[in-house]
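Labels run A, B, C and D following the written order; every chain starts at residue 1.
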Amino acid sequence: MNNFLLAWIVLIPLLSSMTLGLMYLFSIKVIKIPNIVFTVLGLSSPFLSFMIGFSFFLQMIGNHEIFLYKAYRWLSVDGYDIDMGFMADKLSIFMVLFITFVGGLIHIYASGYMKTDKGYGKFFFYFNLFLASMLLLVLADSPIIMFIGWEGVGVCSYFLISYYYEDTKNVQAGNKAFIANRVGDLGFIIAMITMIYYVGSNGFDYINLEAGMQNVPINVLTFIGSALFVGAIGKSAQIPLFVWLPDAMAGPTPVSALIHAATMVTAGVYMVARFHFLYDLIPNVGLIIAYVGAFSALFAAIIATKQTDIKKILAYSTMSQLGYMFIAVGLGGYSVGIFHVFTHAFFKALLFMGAGAVIVALHHEQNIFKMGGMRSKTPIVYFAMLIATLAITGIPPFAGFFSKDEILLTAFSSGEYLIWGIGVLTAILTAYYMFRLLFVVFHGKNYQESRKLHTISKSMIMPLIVLAFGSIVAGFIGIPEILGGNNLVGSWLNDWKNSSLHVEHSREFILMGINILAAVIGTYVAYKKFFNYDMAIVPKYNGIIWKKFYIDEIYDRFIVKKVKEVSIFISYKVDVNFIDMIVMGLSRGFIKSGHFISKVQNANTRFYAFFMLVGISVISTYLIMVMR
Amino acid sequence: MNMPDFIYILPLFFVGVGAISLMILSTFKTITIKKGSVITLLFLLFAFFANVYNLNNEDGVYSIYPFVDIFNKMIIVDTFSGYFSTILILGAILTILIGLHYFQKHKGFTVEFFSLFLFSVFGMMLLVHSNELISAFVSLEIASISLYVMIGFEKVIDKRIEASYRYLVLGSLAGLFFLLGTSFIYAATQTTTLGEIGNMALNTVDSNTPLLIIGGTMILITFLFKIAAFPFQNWALDVYDGAPLPVTAYIAATFKAAIFGFILRLVVVDFDLIIDVWDKILVYIIIFTLAYGSFLAIIQKSLKRMLVASSIVHTGYLLIAFVSISVIGESAASSIIFYLVAYFLSALGAFGLIAYISSADQLRITYDDFRGFAKIRPYMAAMLSIFMLSLAGIPSTIGFIGKFYIFTGAIESGHSILAVVGIIATFISVYYYFKLIAVMYFYRSSEMTDVPPLQGIAPLIIGVIALFIIWGGVGNTLIAYFPGVDFLIDMAKSSYESLFLYG
Amino acid sequence: MADSLLSYIALAMILFSIGFLGVISRKNIFIVYMSIELMLNAINLIFISLGRYYETMVPQVMAMIIIAIAAAEAAVFLSLIVVLYRRKKSLDSDIFTVLSQKDAHE
Amino acid sequence: MDFGILSVIIFLPMFVAFSMLILPVGAKGTRNAAFLTAIIIFILVCMVYYNFQLSGYMQFREHHRWISTYGINYSLGIDGFSLIILMLIATLIPSAYLWLWDGRTKGYWVSMLLIQTGITGTLFSQDLILFYFFWEGMLLPVFMIIGMFGTGNRVFSTIKITVYTIMGSLFMLISILYLGVAFFYEFGSWSFALNDIVQITTLSRTEELWLFAGFMIAFAIKIPLFPFHTWLLETYSNSPTGGVFLLSSIMAKLGVYGIVRFVMPIFPDLYKEFAPYFVWIGIFGLIYFGIAALMQTNIKKMFAYSSASHLGFIVTGIFTLNVYGMTGAAFLIIAHAMATGGLFLLVGKMEYNLGIKAIPALGGIAKKAPVFTVFFGIMLLCIVGLPGTNGFVSEFLIILGTFGFSPSAGVVSALTVLIAASFMFWMFQRAILADNGNDVSQMKDLNFKEIVGMLPLAFLIIAMGVYPDWFFYKIEPTIQHYLVDILEIRNY
């Protein structure tokens, strides 16, 4: 059995990242190492991992085999063992495949995007490290090992977001991301520890946990589930912990593509799916998840309609798509959620890369209203973006359509009409703001013809094409039965399928129609407003939506400021003026009383004699009292 | 005249003869300070060896009344007195050796001074040897009067004579209470000989017990005055401050030992039936003494006054053990004796070193004068730090062991509260002792051109004392045959036992 | 017999107290010295009366010794008074305050 | 190991120190001798570790009568708990010496050597008076090194720390003496050996309470626990690098060690009874100091607060009365010692190059000194408790143990993940990464020696995070022994 290869899926990127890091330090301290070395090393690792993952994929086809590999005993306290173990079931292999695939493409893209950057090697060091952590996250066989990857991606995103660390803003954005994720991790840790005590009495890997879940009081499970979901919220940028995601755009565009499209943000969804055995037992929490997802989707979509920064728009769209995924997994349609993760990975990565290409072309201009007319200049990018936009809006037969349709179907069929409604509304908004972006950027007239465009390298174009192709076909592996397809994803992720839902076909067709209609409506509105948009009049945006509902301000005002005030109060008031006052006050008091007492030392013989007399008389009176 | 008896009083004899002969020699111009001090040293060394001979001569503990027919049990020679006379003579020798440089440097010291010095030593030795109240008073007065004169010897300096005057008035005032107590005790028991007082007190009618208690208390008052315990402590600061530094060291270290030597004998032999009357009052006296000393020592700018004030604190520690006597006689008494040695060494060293480096007009005795001293005279600074640590009772010095015994005894005898008070006083003392170390080491050196370098006998002796302090702190009879801590304690214990051979 | 002893002792105590009060209240060094002598003699009185009471000679001897010591003390005292007077040209004991805690109020 | 290897480990540095003092050797010679000593001791300690049997009981015992009159013994020994701290010391000190290599005077090195003696002696003592000896003796060289080579208002802070800590230890001394007397009254002979003292049965509850308080005050001041922490700030900010390194990474831990070594066996019942209070005090300190650290502008003060907060967490761990918590605490002692020690060394270098600067006056260092920044980042991630560093393992275990002790406490204590991260990363941003236009041109990157010195720490931090189990197996029997035999908790 070649299970140890599982470890290598993680190990290859890890090792290569370590090598890259050391080589980078070496090259800046000692001798300059040519970029090509970094490129080769950095790009090879994801594809090697992909190969290995694919081999496992092939072994899995048709059977329900689960590959386990326990590398070594990670921790063993008081007879309770936790192994550094890897588990490959269909879900994780599915994740591994598209993570490595899309990740690999993004690596290629980055090799072009960062070509001129000084910290080229460092960048790929972070990238590979990130990939390794992500793969560890999905391949872990126990929550705690998963948590290692979980935090690993967190810290990598910190480093990548604050990649241009000279600028304070970027580092602040990184901090924000890390702290917000930490809030989530708090929930994750609490959940893990509760699980260890209540569930993991015999082993802490998923299998034992699943076995142990059965006879645990429901309220405990509810607690665990909610705590875990807090972690998911933090990682996947849902309400209320989403604030870090827009700022995270401070990083280079490939970073945005890798972190916010393909991989990291979907970790939350994956985690919920991974704990499906838990959430199956607590549908109420699942419902909460679905609602949180729905509202996040709507909320993000609304904000996105008024943004002008191209990457911020995409960030908010990511958030709202993640909302969709949470609707699905919350309502038990784990396979559906994962399916959307899959498709979303393609078109969102594509969108980001396209945006990145445009940005590069326009010398790092990010305001869409300063762009325009890119269609003629960068046709390939335009077509790629068009496909991606169609995909995300859910126009058949593009990828997004099938997955989104299934999500809404799930919502509808499980009787949550409100969620379904929100979903449809969001779909309209999605179509609107995505096409708004597309029209403004590519069709809008701009008067800066004179400007010389920066060339876009081949290594940036190639992945676009691949992903565009992917965005078209990715959906086909999930064509529902009624369209004559056989839902490959569904069958592959059979264990994660919510078999309870079923609606008759007529309804299903109607729903499909509604989705398409919604997409069309949104597109039409966008067309009316923004087609051939005249760039001369840059719209003045203001109002609550443009201000993102003041969420950042509110957090800053009511949490950050308060904490800082408390901190100042403690460290400069309480400690200095109260506790230290008591300590030093004692010594000062001693000295003061010393000065007071020393008045007695007045060098007057008669006074001294008198003092003696007093002492003697006191003693004598004492004696008299004793003797009677 | 039988020889062995004479050998027993030989130490006393040597010192006395030395005193008188120096008195005579001082009339000759040819006798310089140096010669005088050498002669003094010779006599003291004779006395010392005679004393050590007596100590080793008898196997185990011994107790003899020499010349019973003449002295009629007024004088006793036993391990106890031998032990104490060793301390006293040693103190005298060290004082002379340390002070030699000082005496030579300062005008106004003549050979008579050494004669007086020997007289005071004689008085103190007689005090620890005396077995009868009046003779104790006599020897006490011999010591005190010669001290009065020694303090005021440099009669051109105001503070000297002022200190002398104050000491004289208050000292004689306190001495009167000793006599008063003696008269009461005589009234109660018709005797003033130790050992008989107790017996008489036991088998006379109890109507006399109050008299005995009052008398004892009067004597206790004198004793408290001499060791500068709380209500009677004011004089100490002035007198010690006014006295020349070697004399200060001598009073603070040696005289205190002598007083304790007598009072221990008195209390242990005779007053064991009334000492528990004093328990409560002594507890208060101790608390006040410790507090007074600590508070006073904290604020001192002058190093000399600080050491004096802290000597009041150490009196408090000694009294803690003194209280415990009523419960745990042996270990308390021996802990007093040990602590006396510890304090005696540390104080003598500290005063002596300051005396050595203080220039002619008594400068360099405030904290600030010692800024950066370590840079100029690292070894002296190290010695001074060792003395400070020992006085503060930091481990690996003899001071810690002494405090250890004192507090252990206090707890053992159920006076835990006193132990706690003592602890508090200790950590206050850490402040003013460590301040000196900080000043010496942590500042850039100020101008200190006229510091005498390490030469002559005095620094050597001080260094030896410092080594002894360290040895007393870590000394271990296992490491070498060289007497360690255990040896000192065993000596103290055996000397205590010797008090019970008669009576 | 006993009550006469008591009256002697009472007298002695009164003298003693007068002496102490003198030490405390009078400024003149000479008078301070005299009061101390007075106290000494008070104690002598006690001893002698005790000797009379117990019909033994021992206390008288003690009194003798005490007188001798008093004489020695007197010598020192008088010489000191001379020195003090030379320094300050005054016999007021309160003006000798070189050694008071000066830095007490800094 | 039939020759007294522990004695050698204790007294070799002292011997070297004094011989250096007496011999006419310059600063360089002293430094080389000190470094050599540290290496030799490291080798000896490795021998000890190698020969250490896998059991919870005292090993390498050395027992001699010292002051027989009062039953004071020279008695040494180590168990698993002291073993890891010993390994820690032996590893940290040579690295530190490599960092302090240049520009230190003779007195500095002598003090460092003496401190080492004090530390190891405290660690080995099995006799209460002997322990007190080293416990106080440790203070003197610290006093010296801070006072002579410190910065700012150093004299004040030295006096303060000395009086403060001696106050604490004097109360402990009273308790020790009381115990000795109690032993004397019960068994009729004097002894202060720990094995004898633990047999005392005659103490009433009130007595025990007072003695317990006496011990705990001493250790609480040393650690420091809230509210005995005010000496920490001045001391840490005014100490020279070496002093603050040893203070923060080792001596503070000795307070915890003292609790485990003496308080737990002598007062097992009170230990169990008061465990909840101390768990909560620790958690409170964790949060309180963590928040206080947030707005500090002096990096050293911030680290002072942060280590106080972590030490509160360690105390929480040792009072959780279960294997997870205590093992985690033992592990956090190592992790935190390495991380904080490393951080203080790095900050010391920063001060050495740039002079003492407030956080806002720094920044842009990452550009000047990449390697410096890399190591800084590793230490920082360890403090933050990132998985893959040993910080995570220990914090996870402590939270686990606390949860087992009381779920509410466990949930609150999980806040540590958030607190440390917030202030640490904020500081990292302002002081190291972001370029605020301040002049940091004087900042130099690490030289070879410094890299060599820092590598072991960084390596261990990561290795212990990736493969913790290998480092655990020698601790755990000891912890089991504590819980089962001493505290008699069988069903935790």
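Quick note on the criterion: a residue touches a chain if its C-beta (ideal position, glycine included) is under 8 Å from a C-beta of that chain, and two chains touch if they have at least 3 such contacts.
Note that the structure is predicted; figures quoted are calculated from it, not measured.
Shared contact partners of subunit A and subunit B are C, D. Using CA-based centroids throughout, the chain positioned farthest away from subunit B is A.
With centres taken as mean C-alpha coordinates, the chain found closest to the middle of all protein C-alpha atoms is D. Mean C-alpha position of subunit A lies 97 Å from that of subunit C. With each centre defined as the average position of its C-alpha atoms, the distance from subunit B to subunit D rounds to 44 Å. Separating the CA-averaged centres of subunit B and subunit C is a span of 26 Å.
Here the CA centre of subunit C is 65 Å from the CA centre of subunit D.
The set of subunit A residues touching two or more other chains comprises 587, 595, 598, 601, 603, 605, 609. The set of subunit B residues that touch two or more partner chains comprises 162, 165-166, 169, 173, 237-238, 296, 299, 431. In subunit C, the residues touching two or more other chains are 20, 23, 32, 93, 96, 98-101, 104. Applying the touch criterion to all chain pairs gives A-B, A-C, A-D, B-C, B-D. Here subunit B touches subunit C in the complex through residues 134, 137-138, 141, 145, 148-149, 152, 155, 158-159, 161-166, 168-169, 172-173, 176, 179-180, 182-183, 186-187, 190, 192, 237-238, 241-242, 296, 299-302, going by the rule given at the top. Within the complex formed with subunit B, the subunit A residues making contact are 587, 590-591, 593-595, 597-598, 600-601, 603, 605, 607-609, 611-612, 614-616, 618-620, 622-623, 626-627.
Residue ranges on subunit A touching subunit D, taken from their complex, read 25, 28-29, 72-78, 144, 147-148, 150-152, 155, 158, 162, 165-168, 171-172, 174-175, 178-179, 182-183, 185-186, 189-190, 193-194, 196-197, 563-564, 566-568, 570-572, 575, 579-580, 583, 587.
On subunit B, the positions that touch subunit A within their shared complex are 162, 165-166, 169-170, 173-174, 177, 210, 213-214, 217, 221, 225, 230-232, 234-235, 237-238, 277, 280-281, 292, 294-299, 428, 431.
Residue ranges of subunit C in contact with subunit A, taken from their complex: 20, 23-27, 32, 93-94, 96-101, 104-105.
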